[in-house]
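Structures follow.
Next come two complexes, and both contain subunit A; in the first it sits with subunit B, in the second with subunit C.
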Partner chain A sequence: MNLKTHENNGTVVVSLAGEIDLEHSPSVRKQLMELMFDRRDVLVDMAQVAYIDSSGIASLVEAYQMARKNATRFVLVAVSQPALRVLQLARLDKVFALADTVEAALAG
Partner chain B sequence: MMDTLFPARPERLCDIRRAVAESASRLGCPQPVVHDVVLAVDEACQNIIRHAYQGCDGDIKVQVSRDDHRLVVRLIDFAPPVDVAKICPRSLDELRPGGLGTHFMRAVMDEVAFLPPPSGAGNMLQMIKRIGEP
Partner chain C sequence: MQRSDPAQILADDLDLIAEMTADFARSRDIEESLRVGLQHIATRMEAEAASLFLMDGGSGDLVCHACWGPTDVTGLRLPHGHGIVWRAVNSNRPQLVKDTTTDPDFAQRIDDATGFTTRSILCAPMSVRDECVGAIELFNKKGAGSFDDDDRRILQALAASAALALINARQASAMAEQEGFRRELALAADIQRAMLPPPRDADFPIHGVNLPARGVSGDFFDLVELPDGKLAFAIADVSGKGMNAALLMAKTASLFRCLAKRLDGPGALLAAIDSELAETNSAGMFVTMVAGVLDPALGRVVLANAGHEPPLLCCGARFERVDGGMPPLGIDPTLFMAGCPESVVELAGGALYLFTDGLTEAKDEDGRMLGIEGVQSLLAQYRTLPAPDRLEAMVADVAKDGLALRDDLTMLVVEDRR
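Our next item is the complex of A and B:
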């Protein structure tokens, strides 16, 4: 698993890559929640996510709930096919804000 | 057929996923089915690590075989027996982190059931996926 962040016009872009499973989801959760506590607008680029399980999805749900509470943005971008399959199984593809590209999400 | 013992630890889940994916592919599962079977096994192993062993050391025996048009996965642990009545998927209408693993297992597999474990084991979960002609 790899997590990198950079800023784009005041929005934090979190690029997730690799396998987000029970071993790595606590680290993903910690880093996302730090951004949420700082009330940052966050885009999560999931183009390179090869695998995500329920523990990884739980980290995204927790961050999403915090963003909603803080009225900040939390958008999943370019969600890979394996990750989209899991979001669909949880019916969360209708809950999260999704965007095809970082540029589209920033413009939205 | 695959019949391998793995340590029940989060950092070994990637090894279990690789081995199950390889076995399911070799036994004739198409790629989307392989992904679903891997997800179900991963979620079931997480439940064993978190709820059966509760963070203590232990092993998971992973068996994958083909029985005609069915892929049969059995996960055997050596933890104290779990209360099967307490294991049920939560409603998806409720938005909260966690609790999705059992739902995923039931959504992607055709059958999920606890069977009487072999002598010396604690629990045995059997999951079946119907697949095409061999």
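Our next item is the complex of A and C:
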């Protein structure tokens, strides 16, 4: 698992790569929650996510719930096929805001 | 034999060490053992008074836990610093002060406060190898003389024995606590198992199996007989693992049991459970769940799905996924406000399988996930077995000996028994 962040016009872009499983979800969760506590707008670039399990999904759900409460933006961007299949299977594609590219998400 | 006989002295000291160790092992009260141990040591060393200090993990202070003699300074804290006790601890060597008036580290203020006159001090660290847990300090050898180098060696040995006995006692106490926690976990697992419906005869239309990966489970299935002869059933998987998942599972299972008889259909049921969970749920936790109602007379199932793995309809050699549904429960209270869609499945002599991702994501020896294809091939392999045996065979195949489950595994089968 690899996690990188950078800023783009005041929005934080978190890029996830590799396997987001029980072992790695806690660090993803920690990073996302810190950003949520700071009330930042966050895009999660999931283009390089090879696998995500229910613990990874739970981290995204928790961030989603915080963003909703704080009225900040939380968008999943360029979600890879394996990750998208998991989201679709749980019908979470109807819950999260999704965007094809970082540019589209920033414009939206 | 005389007290001065070296062999007899050695034998006495060994007896003392043995007695102290046994006392620590026997007693459940470590503080009391410390007091008794200190008393034995002070008597053996012919000291007028003695104190035992232990390192306080939180503050890093040395705190007096036991005293013997005319003054009692139990509870006295020595912050990290100089002093003779700290000198013994920091250097991990005994300190012999034959005349306190010549030692700059001697704390006269304690004598001033207690009224005791300290002439000489012998202080040894309570340490085993590099682990120092405290120190034993002796004041004034009885009679006119002071402590000497022989005393220093003996106290060093006695203090080390006391440290070993204390470390052992602490470990035993930690193990007892862990054992208590394990017992509570086992009790929780028993309560959870009791929440699952009891096994039925093979010709009953619905059967389930639940195999927790740990003691307690975040999965459940349940079955409620409705007054009109229909059967309400559910399977669910709580996100996360461990005790918090088990507690949310218990809550969801109770809601299902309570609401199944009152509400009209599985869609209304899931929407009602979502509304209850949304009010009190902790952040980031959610529940994927399928609820259904079987009309055994028609072989017809009405299903509602909240973010759960799609059920699999099996007719002969043909498999069909029952897609569609809503996101999981407990995420966002607005999602289910407009209700939850239902789908109707005609069993037509076949069987409907519901399972948690503990089944599809189970890995074989080579780390390959079973997947939906693997589930289908196992179902095909065991299709001739009666339903309860079929589920057991599937579970046994996935959770082979030595292959630990990564996740709770739950399966439910709904059959057309017309």
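Operating definition for what follows: the second predicted complex is superposed on the first by the 108 of 108 C-alpha atoms of A that agree within 3 Å, B and C clash if a C-alpha of one lies under 4 Å from a C-alpha of the other, contacts with A are read in each partner's own complex, and residues count from 1 in each chain.
Basically, contacts are C-beta pairs under 8 Å (C-beta built on N, C-alpha and C of every residue); 3 or more make two chains touch, one makes a residue touch a chain.
Since the model is a prediction, treat every value here as computed from it, not as a measurement.
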Three-chain arrangement built on subunit A, subunit B and subunit C clash or fit: clash
First (subunit B), second (subunit C), both or neither touched by A:Glu62: both
Which of subunit B and subunit C A:Arg91 touches, first, second, both or neither: both
Touched partner set for A:Ala50, first subunit B, second subunit C, both or neither: neither
Contacts of A:Ala104 with subunit B and subunit C, given as first, second, both or neither: neither
Subunit B versus subunit C as contact partner of A:Glu23, first or second or both or neither: first
Touching partner for A:Pro82 - first (subunit B), second (subunit C), both, neither: first
Region of subunit C that runs into subunit B when the structures are aligned on their shared chain, from 38-46, 164-172, 326-334 or 344-352: 326-334
Footprint overlap on subunit A, where subunit B in one structure and subunit C in the other make contact: 22, 53-55, 57-59, 61-62, 65, 89-91, 95
Complex interface listing, subunit A residues touching subunit C: 22, 29, 53-55, 57-59, 61-62, 64-66, 68, 89-92, 94-95
Residues of subunit C that touch subunit A when the two form their complex: 237, 239-241, 283-286, 288, 305, 307-310, 325-328, 331-332, 335, 357, 361, 406
Interface residues, subunit B side, partner subunit A - complex: 10-11, 13-14, 17, 35-36, 38-39, 42-43, 46, 49-50, 92, 95-101, 103-104, 107-108
Residues on subunit A engaged by subunit B in the complex (per definition of touch): 19, 21-23, 51, 53-55, 57-59, 61-62, 65, 82, 85-86, 89-91, 95
